[in-house]
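See structure below.
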Amino acid sequence: MHAELVQERGGAHTGAAIEMHGIGKRFPGVIALEEVDLVLARGKVHALMGENGAGKSTLIKIMAGVYGRDAGSINIGGREVALRNPREALAEGIKVVFQEIALISEFTVAENIFLERHPVGRAGSIDWKKIRAESAALFERIGFDVDPAARTGDLPVSQQQMVEIARALAHEARIVVMDEPTSSLTPNEVALLFKVIRRLTDLGIAVLYVTHKLDEVFEIADTVTVLRDGRHISTRPIGEHTHDTLIQDMIGRRIDNLFPRSRGHAKGDIALSVKGVSTDAKLDDVSFEVRAGEVLGFFGLMGAGRTELAKAIVGFDPIRAGTIEVAGRPLKPHDTRTGAGLGIGLLTEDRKGEGLMLELSVQQNMSLAALGAFSRAGFVDETREKAAVQGFVDRFRVRTPSLNQLIKNLSGGNQQKVLLARWLMRGLKVIVVDEPTRGIDVGAKSEIFALLDRLANEGLAVVMMTSEMPELLGLSDRIAVMAEGRITAVFDRDAATQENILNAAIA
Amino acid sequence: MTSESLSSTRKPGTAFGLFADRSQIVLIGILAALCIAISLAAPQFYSEANVIAILRQCALVLIVAAGMTMLLICGEVDLSVGASLAFVGCIGMDVINRTGSLTLGVLAALAFAGTVGLFNGIVATRLRVNSLIGTIATMMMLQGGVFLYTREAVQNHHHLPSFTGLGAGYIGPLPIPVIIAAIVFVVAFVALRYTTFGRYLYAVGASENAARLSGLRAERLKLIAFVVTGLLVGVAGMILASLMNAGQPTAGRGFELTVIAAVILGGTSLSGGRGTLIGTLLGVLVLKVIDNGIIILRWNQDLQMVVPGIVIILATWLDIVRRRADAR
Amino acid sequence: MRKLLKTTLAASVALGALAGTALAQNTPKKIGYVVNYATHEWYQNVIKGMRDRGQQLGIEIEVKDANLDVAKQVSFAEDFMAQGVDVLIITPVNEEGVAPLIRRAKADNMPLVLEGNPVKGMTTMVAICDYDTGYHAGVAAGKYAKEHLGGTAKVMNVGLPLLSATVLRSQGFMDGIKTEIADATMVHDLDGGGNPDRALEVSSAALAQNADINIIYGINDNSSLGGLQAWKAAGKSQDGLLVVGTGGEGLAFINAMQNEPSYKIEAAMFPEKVGFTAVDAAVKVFNGEEVPEHIVSPTAPMLGEDWKKFYSVEGTTRSVNWDGINGVQAPDKCMKTAADLKQ
């Protein structure tokens, strides 16, 4: 019945769902947004793009009522609205699906959907039957199959997203904002999400799609607005854009070749030898070798076991069978301390959870693994430590006001450089990088990419787990493809194509 | 060691900067305000006898708080310190009674307290029981266990003067417990501030996974922090037993809360990765000056719980305000 | 009434073992005691006194510990009634909680004696007089001060304002000392929490503030010892100091009286005697004899070596000299009770 309401309103299917003009927002010491305009049309997908720090998050938080605005007007249906808090935004029909899913994981799907407005039965008690029935109806409308009685926390992220979207419908949302919705989805799940987005536009809902990913924009968006440094740069129909023009708008300069295809790397002795590694969790008899100066790329769909492999071969996760040798010396006992001692380290895909110490400084983050080298009899020589950290900050062009800046205040790209430096400062033979450019803006991506290329040329063995095809094809000397915990194919750099890689990944 | 302490402790030329940085300004201000206000109302506050009484009380708390600071920094906590404190005194006194040797008594006390710490550490790191729960369980076991060990206070039958000196003696003008606390403080300060061990503790507390991935033995570091805390409880327990001239099974009630309150008041984060020993020292001083002041001012002693509660909230809030101001 | 009590006591003391046989046909076979908190030293001693008296009279005493839980207390009492004990003795965990129990016992004709605290509707209660205990210790302290402290009395009270019983002790002490030294003052009134480390800490501060304190009164042994240790830690000589403790439950005070020159007076409360008296009261109630509502168990200040009259110590156990304790007179009623505090 909610959906019917939406349909009725969506009858016109044209016109502006929301008009924002001259939006401004300041934070202490920073102008986050200045004179930004954004108009969303009913029944259309509008992409919002920009590098990290461009102001996308601030803008959608203003729409969600999380932040107040310092300047500008917001009109919905010709009426100026205040959006003082999330409740008001919801009442005006604006629903934001944030990257961090805001569902209560202990509740059932149906309970989450009707969290703020449980239908109440005759005795004042909650009408569970009705809740379940209506949830099922909502899912049918967006063409998605989730059990309303399932515990939300048990669902994969992609399905939790669908629950959020269903919740938007339950709230009779007319504007749905999605913040980086595909960042943790598999290609299949992305396709499903796009199907659902199209259903939403059919219902007359305006969708604001916030993303980094160019390919997705070209696939789903009708219009694109680009922000840079808190300012509005352009709003154009997607048809007027090419990859290059979009990137140019985003970073303010031309990047002719974002991922320059590396010249290939000279190969040395075997640096890492993995034989028959299996784990209880996922891996099944994985064997491969990497030489010094070589980049071995690993591709696989979500759940193929790349991250599990990365964690197992550096000693972080236990293995059930198999051997791992770094430069001919076995990783025994199987732990990270031994791994680091032998010269193998992991640049994790989960920067916040496993990489960064958010409350500590750039210096403390960077020197962590190498601290022993700067110390005598257990005492840290902070002068040497600082010099080494400064050296890497300069070499990697880490943009930070000082070495004592808290790492959490740096951009994703700079954080990643610090974490990379953490290992290089210690001196590695093999570095395992898992999704090295995830959550990093375009400019920084190419920097990280170039850095890895340089490191391989300097003789480091690089094992790279990635789901980004251009990265994989651009940097790897060989490409291993994984599916369900096994290596299904290995291609030489020249033999690898997008098609045969994908075929091997699906097999 | 927050980012601030790393940077600003090395501001050249300021002696003040060596020991405290901006993050401690709030506490220093509160402490100064308290001292001034109390001494205006009761001049005896600055009498030698009273200053020594305060310092001696601070010493007991500070000795254990030094270990607790390490534990909180690496993301753990030990709630059994109060119960262990009482048990340690009984055991130490009993062993001295039987052997007539202060050394053996102290060693027995340290061995027992260290074992309690080791046990807590193993429960937390090997069995992976949350230390909040695990050490409450230890506390219960110790509180009950001490009565199995002795129904009543273990009396001083040995009359060793050196034992009495432990709590009530002086070296020069300074009470021995204060000297012991000062030594503990300096060692812990140096360990946290200048050694890899200290730096690793912060790292483990800030992100155990990141620390592990970087090749640190997170569990072993935590275990060490538990054992160190345990040993320090052993030291404090012997001092307390000496001060009371008995091993009191009922002693130490609420001691763990005083210790944790002081550490938190000092700016150490309950979630790990952040905190300084200077802050802990100031936290101990503030709490004990309040305690003392309320008696000196003849206020209702129930305020000895109320006022620290208010001060903890006030100090934490002021610190948030200060951080916000610093961020600008 | 008083006579009656005295006669019974005297008889039991004099007749000793004979008493068992002489009263055999009128003694209950089994008494059930539900204690509120058996871990406490006080109650350990109460139970000890009951067992001793039970043995003398040939009565089986069974004890259950409510461990400060009213619900447990009620269910244990019901267990006892179901088992068919002849008399029930209860130390109430709290007054409201056991009131229904008293009604039940009455309805079932189950003889019931309370220990410690009165509850509405009870037949009889055995308890010491806290105020009197403090008062007599105060009188003794006053005499001592006149003789040894130059007639001045500046008292630091290491008290416990939470409980009416301990407040009564402190009040009694001050009232008693004033009968000897009219200008005696309480210089500092502290809350020592009744535990030793807290008493030590608060006393340290108070002693630092008031250098003229010359008498430390503690509402229990932990408090007086905490005060004394604070005095010693401050590096003061014990000359010119008098420490008065209350309770005399364990060995701590004996140790102190032997080793500390200032620890001269202990207001003994004879917990064993409380148990003893409770059993005697139980026998009377069982026999349907008239009993007063409040049967007072005696207390007395012990000076210097006096304690040896009542207790003997071997190693770490102390035993009761019943002859000594039974010789202590109990008043018919208390000078002041908790009820007087409320007015």
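A few notes on this one:
When the chains are written out, they are named A, B and C in that same order, and each has its own residue count from 1.
Here is the rule we use: contacts are C-beta pairs under 8 Å (C-beta built on N, C-alpha and C of every residue); 3 or more make two chains touch, one makes a residue touch a chain.
Here the structure is a predicted model, which is why all the values come from computation and not from measurement.
Centroid analysis (C-alpha atoms only) places C farthest from chain A.
Closest to the protein's overall CA centre, chain by chain, comes B. Averaging Cα coordinates per chain places chain A and chain C 72 Å apart. Taking the mean of the C-alpha atoms as each chain's centre, chain B and chain C sit 37 Å apart.
The centroid of the Cα atoms in chain A and the matching centroid in chain B are 43 Å apart.
Of all residues in chain C, none touches 2 or more other chains. For chain A, the set of residues touching two or more other chains is empty. Contact residues on chain B toward chain A in their complex (touch as defined above): 1-4, 6-7, 194-197, 199-200, 202-203, 206-207, 209-217, 269, 273-274, 324, 327-328. Within the complex formed with chain B, the residues of chain C that make contact are 39, 41, 44, 161, 188, 190-191, 193, 195-198, 200-202, 204-209, 211, 222, 225-226, 229-230, 232-235, 249-252, 255, 259. Chain A contributes residues 28-29, 314, 316, 335-337, 339-341, 345-346, 348, 350, 353-361, 363-364, 368-369, 371-372, 375, 378-380, 382, 402, 404-406, 422 to its touches with chain B in the complex. Touching chain C in their complex are the following residues of chain B: 42, 44, 47, 49-50, 52-54, 56-57, 147, 151-153, 155-157, 159, 164, 167-168, 170, 175, 240, 243-246, 248, 250-253, 255, 291-292, 295-296, 298, 301-302.
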